[in-house]
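So the structure is just underneath, and the comments pick up after that.
By letter and in written order, the chains are A, B, C and D; residue numbering begins at 1 in each of them.
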Amino acid sequence: MSKRISELFDTDKKLVSIYFTAGFPKLNDTVKIIEKLEKSGVDLVEIGLPFSDPLADGPTIQESSTKALHNGITTELLFEQLFNIRQKVKIPLIIMGYFNPVMQFGVEAFCQQCEDIGIDALILPDLPLREYQLHYKEIFNRHGLDLIYLITPQTPEERIRAIDQMSNSFIYMVSSSSTTGAKAGFSEENQEYFKRVEEMKLKNPTLVGFGISDKNSFDQATSHSQGAIIGSAFIKHIENKGIDQIPSFVLNLRHE
Amino acid sequence: MSKYLADENGYYGAFGGAFIPEMLYPNTEELRVNYLEIMERDSFQKEFKYLLKDYVGRPTPLYYAQRLSDTYGTKIYLKREDLCHTGAHKVNNTIGQILMAKALGKKRIIAETGAGQHGVATATVCALMGIECVIYMGEIDISRQAPNVARMKLLGATVRDATSGSKTLKDATNEAIRDWINNPVDTHYIIGSVVGPHPYPDMVARFQSVISEETKKQLLEKEGTENPTHVIACVGGGSNAAGQFYHYLDREEVNIIAVEAAGKGVHSGESAATSALGKVGIIHGSKTLLMQTVDGQITEPYSISAGLDYPGIGPMHAHLYSSKRAQFVSITDAEAMAAGKRLSELEGIIPAIETAHAFAVLEHQKFQSDDIIVFNCSGRGDKDLQTYIDYFEL
Amino acid sequence: MSKYLADENGYYGAFGGAFIPEMLYPNTEELRVNYLEIMERDSFQKEFKYLLKDYVGRPTPLYYAQRLSDTYGTKIYLKREDLCHTGAHKVNNTIGQILMAKALGKKRIIAETGAGQHGVATATVCALMGIECVIYMGEIDISRQAPNVARMKLLGATVRDATSGSKTLKDATNEAIRDWINNPVDTHYIIGSVVGPHPYPDMVARFQSVISEETKKQLLEKEGTENPTHVIACVGGGSNAAGQFYHYLDREEVNIIAVEAAGKGVHSGESAATSALGKVGIIHGSKTLLMQTVDGQITEPYSISAGLDYPGIGPMHAHLYSSKRAQFVSITDAEAMAAGKRLSELEGIIPAIETAHAFAVLEHQKFQSDDIIVFNCSGRGDKDLQTYIDYFEL
Amino acid sequence: MSKRISELFDTDKKLVSIYFTAGFPKLNDTVKIIEKLEKSGVDLVEIGLPFSDPLADGPTIQESSTKALHNGITTELLFEQLFNIRQKVKIPLIIMGYFNPVMQFGVEAFCQQCEDIGIDALILPDLPLREYQLHYKEIFNRHGLDLIYLITPQTPEERIRAIDQMSNSFIYMVSSSSTTGAKAGFSEENQEYFKRVEEMKLKNPTLVGFGISDKNSFDQATSHSQGAIIGSAFIKHIENKGIDQIPSFVLNLRHE
């Protein structure tokens, strides 16, 4: 496990993780946003590598991806933007993207770049476990990268346990079987699911993602997990208010 | 097991698999675990065959095209999928999948559609079974395929517009997948071609395989042999081709020709010739050939025929291409339109423009007088009349 | 000989005959003298059956409509003529007549068309045989049935506009007859229904009789009896009805229901309910029931469905009406449209609006749970989508 | 045979017969036209009873029929217009129409009216021989009416002879198998047909109809027959020039 990630989870506090789309709203906002997030007290950042067809995401993230691609973001350019990032921020950085752009870049080359830059882990929602195990795990490991797995309310206990076995940092607990940005707030059912997973006492910690937009949903999400990931709500915020208002967004999540 | 069909993990050689987010895992897993067992049930087979016969109108004829044969100096047969209820082979698959959905206890159906053929075929079987139906269709396609939108509505389906991306088929597929993610328990997603994550390509190919199953029998009656020298079909996602090739895959003496849409020319920048232009990648949950930028962004294809306007091909076809089992031919808009007109005038059959692409091969390649060529006449041109009118200024 | 079929002079009871000007005498005489002998030739029967099977897609299924049956508490079968090549029963007749024309050595085909279905079916068989084809169509119909005009042109036919009179079907028929008068030697006129001078009504009915011939066999398989309790079909000129009734005419235990278009209401002044409103007269060479003024001028009918928008009915039907062998029902536009929508939603079959009139009978009449009702599902609704769209604001 | 008709054919001169549509161009022109025709030297007049669907006629006659119907002509009204005609004109008068209006009026009643008025014969192109013989001949004869039969180039010799046997006044020889107004002038073929029929030496005289528009075609048509019938050309003439110019039309046919 990446040291930065393991240290992070070694606290009691509820972790705030923010997802944003690289190259959005402006092509060169990527690094600025990461810096501002760290300064605002965010614990972990997921840098979205835009994809033309992000089928696990909702309209907000899809639109931001489309705009970022239109702005001219490419995998290569993202790596260039992140070239010096570790001289600027210390918090764990994760790249989240779809598998096709990674494949086209070359999995080996991609991992090498991540290692060089100091990326801690990857989230590739459409890279199936089996494929990963068979073909890519060895490469990832060689470059000190963790692959973060997702689980959903429909994931059977057995499979959660298997994922837990294979995971090495944290588990991304999708709040409901929903694309990002689809729901707001959590139902009883959702909460029971959080509790059920908590009671499984997995070896890895969990972060809840999807559907978290404010302090209320953040608190609900983290009552049975170690933190939560905010994506669509954050993207809407910087789109409407600009990236200078990032601190207020983060503040509002924790205090209200 | 044929080396050209899916292995148990849904791989055709290097292609296929199920590259899906975890949110889709339960849905596809339920299907993967059950589909073969369900399909093999007597009750399933009985109802499937019954509906294909009495509702769809199968077997479709294998028609010897006399005047076309005379014109090209070879023996040409047409597998008449254009006579299927709703106008194309698509309904073979939707009949199969609606029965699958029922067997799985699903209460709601979703599907994507481009030109609307698959949407209509899906809305049709949902009406037949009295099951709720939501069809995703790109906003742009909705406005240019108004008659098919009306058909779906008349059949009681809800048509939902995909407003993301390029607002066409690819995006409708994304939206349908999202709907499925959001409704993992009660909903079955009827994919319209041999694309998508395992087990879809295999399942759809099996449902469509009735085409070559019938062809074998019919050709035996007519020519004393089950094997033509060539089978030819157009490839959008590849379902009509998969159905027409299926039982011939392992008969290496049968030449397989797959026809793609070259749009305004393979290298014009406006094309859908996936095998010529594509590279290995992941689209809609499947590893296959697809048209993409160097950066792995999926590009917008172009073809005059909405049904071939897809940036990928099914993994079976990617495998047939890379293993050289099939020959791939690219046909431009202009060649396809001319071929459609020719078939209309020579045989009184106005083909779908997708289908017309296949027939254009006759102008590309010389066949022997004793060759026996079977074309999949995958659909009728009624849906394409406006395109024919505009193109030929009728 | 059945008392409901034509006698040797082409009379069905008091109806029929050949009220034609001397200029048409040689044409119809040549046909009258030869048609039965030609039709009975082995070679003719062989080719006719071959084309019906391999080209048209016969036998069409006799489909048990489960959900429709459940809804109306009776057993309902649909004879699926909508699955025929070109979309309706019309092609059974054009296939027969093109073979007849060939046997008579004709080099040129003419036909009239209203909605365009018969025009398309005629242009289709002319393309199939490589014979010149001229279709007469009212100027008004040409503009409101643009897709079918395009189909005919694509098939290589010449579409000529009838500019006389009301510029619709009746006038197209007049023009076609004039063409025939002017080209008496080399031209065959393919009439599209069981109308016109002897031997047309009888010849067309014989070609369409394949419908009930198949029905008998299929029902025997499904229900253990050749006889339904009711056969129901819409009547424009009456060809699909003639085909569906044919082999049941002498089986008095089979109830026959013929459905006419009441337009905006039988007595609204905008109607095509010939049996209700017509009197005995002469139209297009045949003595039959027709809508006319007291002065004997033929009036313009009205129906939302172009194929029922004819001021007469075939003489067979006039006889079935006056002999009370058949029950006649009039269905309004609104009832037909609702029935079309209902069939779409319950069975996934969008019927032609002509056909929808037949299904509306289910709302008029209560059937017993053990009744067996066979509807002639004469055509598909693809050609009528614009009407459906406008009517239901889809 | 009607006396007026038999007397007419007892001359050597080539007969001019004119067809016009009753009630056209104006509703009440019918009688005026007949009078003018007689005054201009026309030998025989065919009064067209308009029909909505005159399928043996060409566009000119169809249009005049449509207009006449629109003007309000009816069978009853025509008979009213003709009520006194025999006090005004002496030449043979024939009513030409389609069978349906006659049927609706009642064949017996129709013939009675014709007899009362002094009509000499009827031409009903769509009343077939067989029907006529079986059902109507007796009625016609009782009212002193002849039915004029048509023959065409396609009519076999045998049938021409049969028609000749049944006819009692003259035979209407359709110049070519054409609807009225369809052709102009006569081909070699046409002329041969005229000659062929002449050489059959029928008991009835023949008048040629269809396709006669001027002196030239009139002369051709009558070189092997006793006269000719002009329809469409006459209707066009009165439509364009008015009914006052009738004498010039007739003059032009005979002298040029």
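We adopt the following convention: contacts are C-beta pairs under 8 Å (C-beta built on N, C-alpha and C of every residue); 3 or more make two chains touch, one makes a residue touch a chain.
Because the structure is a prediction, the values reported are computed rather than measured.
Common neighbours of subunit C and subunit D under the contact rule above are absent. Ranked by how far their CA centres sit from the centre of subunit C, the chains are topped by A. Measuring from the averaged C-alpha position of subunit B to that of subunit C gives a distance of 35 Å.
A straight line joining the Cα centres of subunit B and subunit D is 66 Å long. Centroids of subunit A and subunit D (each the mean of its C-alpha atoms) stand 96 Å apart. In subunit D, no position touches at least two other chains. Among the residues of subunit C, none is in touch with two or more other chains. Viewed as a network of touching protein chains, the structure reduces to a simple linear path. Chain pairs that touch one another, listed by label: A-B, B-C, C-D. Partner subunit B is touched in their complex by these residues of subunit A: 51-56, 58-59, 62-63, 66, 69, 74-76, 98-105, 125-128, 130-131, 149-152, 154-156, 159, 174, 177-179, 182. In the complex of the two chains, the subunit C residues touching subunit D come out as 9, 17-23, 25-27, 163-165, 170-171, 173-174, 177-178, 181-185, 279-285, 292, 294-299. Across the complex, subunit B is touched by residues 53-55, 57, 60-64, 67, 80, 82-85, 87, 123-128, 130, 146-147, 149-151, 153-156, 341, 344-350, 381-382, 385-386, 388-389, 392, 394 of subunit C.
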